[in-house]
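The first chain written gets the first letter, and so on, giving A, B, C, D and E; residue counts start at 1 in each chain.
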């Protein structure tokens, strides 16, 4: 999964820039388009089938939110692009689902790309290990409207809280414009990072305990997986710092002063997320060293005990060998107490070697 | 403990921004509010039960310090917020106890978040190993007033020296305004970092001795713990550098020129703390290598000795085996001095191998 | 291959600056020059033999693209340089094929050096392992003309899509000037990086599986090769970030505003390429540690099993030795059940040691 | 020693800022104060007992240098502070001997803190290993006067060359003002760093030879010590870069243009010192890897030889065991040449195994 | 050699700044001074014995180049300094041969220090391994004159190409002023770095092959040497980046606009050199890991084979021991086919163990 961000890029090679082709997992389901428009007093939200229904909302007094769930229907994107006057390069970026988070100010609208994460174990089917999946979210903030594009729709319920707040007029969300709605959506995505990090943190804690108690090659493999997940998250979230700081300083009348204060909050949260990721990286890199030491310690313990057993018996076996020799003249052999005496000697040697090793703390 | 800074963040997921909910350890004790007001000549400090008592002090000629010990009573925070005109996002941050240290200038007041550290072994109960605990401190510096919020109250005695200086009018503290009081409180928090670092430093020194004298798997585990504690401290203290430098350059009439000179001092101390943390990191990372070498050296010593013992006896056992053979025609067996001669030969072989190993410095 | 970037530099040592000598692989094939000129309605492209044919195009109303495939014919370069008024240092740089990517604004023209990558396994011949090869591309963008120089011509088909778009007037390419053509060529080079990275990524994934399943010394060697390839790519692509950002901010009337928007796209892609390279580096550095742990784990497993076998038999052999001794008085020897009893004892010892090791998880 | 820089900081915890208490090694000897004043023609230097003698020199036409050797007499510091108008925070810093090097411009005077290093083996007593000790030097440069504070006085002879040059009017020192004197003192401190580094470099060279020839656990310990010394030096010298660059750009009439040219020299030297420290760090980090490889190589050599001896004798012992069996029907036993034949076979086996191992380069 | 850059610094300790003493290898040969003056049409170059001959050239209409080969004759330096009005600190720097590359603009002249590298194996004598040696080059560029100082003269032929171009009026060198000459000399020094890097690169390639084919402790030692050479080169070349970029931006009428274009070339080359050094560092650090893995892989192979041999024979020896026992009642001993049967069993055990190990891929 980790390497997905460069996969299929080759399909695009050689095409003119601004060519609108979809780079990503091909899906056959129909695209789900939700049209929501509201002001302080009214709120309407409905699923629409024909994209043309949204065209009148390009210039409307209410705040309009068009959410496109699934981007594999190029026609929908193109029609939206023409009607809302979106630059072809932006449309290309929306469809090319391996974008780096970025923000671009086109004057009439601001284009923002983000990455959303969720765990794979949504469905009821039993999966051994939930995997971190990601989805590209594109936002186009214009005058009084916001168009949001979600890649596959698998992580769609992340927007639900925003929808509920809109519906119930909870908080101040209905009083403000499309910029505040944009903030609310970005905020819900960033908040969700904490949920992912929390789960990752728990996993790291478990791994840590396993590491010190009973490290196995399996532990190593999991460590490697978590490490790559962190690398992957880091790559996707790090640019967000720049995005949110640009958003904070953007000189556009699309964003009101009031909303900017809230954007500062997003910036703070992003820094916190990045801090935590860096901390995890530090801890994980320490853990690999611990793993190696731990494995080698256990191995050494085993080898030491085994070697000591061998070392104690080797001289004894030698003695037994000596009295198994067939020399004609071996006086000890005819002693009456020769045999029990040798047993005593051998016991003595064994015990003294054992206590010597014990004293030396080799055992 | 280390991962606490992302725990429970998920509880907040999906709530509108500015929602005042308490993220942190739930406590049932009542919140302790201390109201202190003073000028050059007078000083009054009392614990109050009803938060409304402090309202008149929003505009007072004396310097007012309201210390809220425990932030789990949301009502108190809300009432303070309304009366002192605090932005909802600030109230949210005060309650969300996993903040990164930061400073925000709201014009009418400055909001500062810090992290305070203390060792867990406060109470008389015997604990095997004191743990580093942390607590979020929020400061709101307004005109002639300072409101401070402490998370759990466990590290509350860090403010005591400030209280005593206020009471006894020791130093210049009573002559200056709320900005100097803010400085005094931050200074006592930063000073306390040195106490923590000193203890950590002692622990590292002990570990270092243990490492070179008698490394055990236990040492490794402690090394790992100390390393994570350093990572944790670093994460919490590093942003303080920015906070203090912002405080130094803040263009607000809330901070007098005289106090700024003292803030420079905080900045210097913060840099010193960070320097020391970095130094510890360097030393610790070197120590893990030493540990590994040390363990492997000791192991090698043991294995070498054991292998040498085996190596000396194996040829001797072979000889004994040879003369235990039952060939009919083995002239040596009937020699009169055969047996003692063989003993001599075996002794000779043993001694010469031993001295060869000795000469080669293998023993 | 990796070290090629400093090879043969010594040939140039001691020559005056601006000396036009070719540093690179000497080739004997003739240089292939393609002259293309077009405007919105017309398009002509032909291979020419005499460089002088292109001279009239220095001042032409159509957009002219002169592509020089192979730079070992110094004469061609010199004649072009004189006619198009190119600075001798630029000509020197074009020939010196180990340039670092850079951009230089000479007022009348902009000089850009890039590096193009392709895999060696182009031809049908069977090669065990395709190698990453690279080629220097120099671009000179002037008023209405673009001159491009390719080193060896091995990677020449990377420009083909641009040619096809020009011919078929697909996209907007024929409507814009030489600056857009320059953009299109750089874009096709950068797009090609993704193809290379995708292949590398697949290789890394395969290596990773091999690493965890069945690591061999061969794996190590491949790991080392991939690592050096990444280092090599990184060195060549990293400066592109600066090149594209300079191109974006260049204050030259050679580049129109419209094209600059597209150049932003190149910048974004470059950052993405660099991000991916850094991610690969991180993953690879982790993989070496995994390799070492993995190898040492497997080795330990083998050694442990072998040592345990030895450890079980050593005490048994000792017992057999004891009853092979020739003492006259050894009562056990004459017992009727002595021999089977000993077998039982030895079996018992063997089994109990085995189960002890099993219980201790040593087996 | 390494951790000294945070020790005893706790003593200060809870005291008001600007409290003048001495943090450092308590000494009982009296403080030695040297008063020196000079101009181009005259030079007077004397040790004084009563600090009040220096007060008239706060405004004098000659250049005055007051050197305070030992800072444990708080009274002296306080009196100097009052008379020369020094800010209490500066006095606090002078006494708190774990300062980070810094420079502060107070308008009327500039305050500089530095760290001086020397080896412990000053006295004639034999010490096994000289240790790097450090001492804090505080400089207060005012109009026509310089006050210098040395911590313990153990490294005091570092200033001697300056004194001698002053006395003998060697160089230009007497012609310039207090700023040049300040420069001369800082220069002598920085020059001394080279002496320390030279000794450290020699130590590293010795260690390196030891490492490749005959590494012992002792070598590891020394490596660790040198590494920590480098970390310690680095921590203390790194901030000097900023100090000297600030001094270079300081906009104060206390420093003449002529002296600034010399300060540039200090800056250059500081960079050189830092470069060298970084180089040592690089070399040392490489050395630990070499140590590990070296130790493991030697160990492997030993184990290999021993294992090979065992491996050769084990099959031979087996053969001897076979012919020690008591089967009634073993034809070989009654052969006349059985015994010598077996010897030959065993010799043959031994030799062929030995040469096989030799051929495989295992020996 | 590596540590030479701090050696002998102690000799200077305690001397007044600007003291002209020579820090470096003391030589007894006379200093070789070459005076060259030229304009577009004329060129004169001669070796002079009395330094006073050059004095009239301080103000001459021709371009003058004074090359001083060997700096141990302090008198020569002093006389030059007085006549050409050079600051004492510059003279001190020229003599102190462990300078960090730097550039200083003194208005009337620009002072540049560089480091030149060459391999020791110049002379015909056979040396086992050429060593990288270095020499400090100081350049003073004034109006119409350039004074260059070379430390030991061992690497003097690096300037020869410049001399030849001057003599033969090849290139543009005679048409331009002293600034272009300065550029030409720096360029020849930087070009020479590529020669050094090329040789180093070849050495690294050889080491790499050795590493994967047949690593020995010798390989490790060489790796360590190359690594330290890289560290040494890096330390000396890295500051050149700043030097050349300063030279590029220097606001002095000593450097003409035309020459600045060439200086850009030096800057580019310096970056390329630094890039290559960093690449080498990366590759080398990877190689140490490979070395360790490689050594440990080979060792493991050996140990595994040996242990397996022992493991196969130990149970067989046990069996032989069993039938060497002297129990009176051992039915197998009197079986007719007992002995050959046992041989068969033992062969069977041996073969099945061998094939088991083979199947498990342990062999």
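Simple rule for what comes next: a contact is a pair of C-beta atoms (placed from the backbone, for glycine too) under 8 Å apart; a residue touches a chain by one contact, two chains touch by 3 or more.
These numbers were taken from a predicted model, which means no experiment stands behind them.
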**Report entry** Chain hops separating chain D from chain A, counting only touching neighbours
**Finding:** 2
Report summary line: Those chains that touch chain D and also touch chain C are E
Requested in this report: Please decide if copies chain B and chain D contact each other with the same set of residue positions, more than half shared, or with different positions, and reply same or different.
Outcome: different
Query raised in the report: Centre to centre, by mean C-alpha position, how many angstrom separate chain C and chain E?
Result: 27
Report task. Could you grab the centroid distance between chain A and chain E? Build each centroid from C-alpha atoms only and quote it in angstrom. Result -> 43
Requested in this report: Enumerate the residues of chain A that touch no fewer than two other chains.
Outcome: 292, 296, 303, 307, 310, 314, 317, 321, 324-326, 330
Report task. Starting from chain B and stepping next to chain D, give every chain of the ring in the order they occur. Result -> B, D, E, C, A
**Report entry** Footprint of chain B on chain D - complex, ascending
**Finding:** 2-3, 5-10, 12-19, 87, 89, 98-100, 102, 104, 217, 220-221, 224, 227-228, 231-232, 235, 288, 291-292, 295-296, 299, 302-303, 306-307, 309-310, 313-314, 316-317, 320-321, 323-326, 330, 332-336, 338-339, 342
Query raised in the report: So in the complex, which bits of chain B are touching chain D?
Result: 160-161, 165, 170-173, 183-184, 187-188, 191-192, 194-195, 197-198, 201-202, 204-205, 212, 261-262, 264-265, 268, 271-272, 275-276, 278-279, 282-283, 286, 289-290, 292-294, 296-297, 300, 303-304, 307-308, 310-311, 314-315, 317-318, 321-322, 324-330, 360, 362
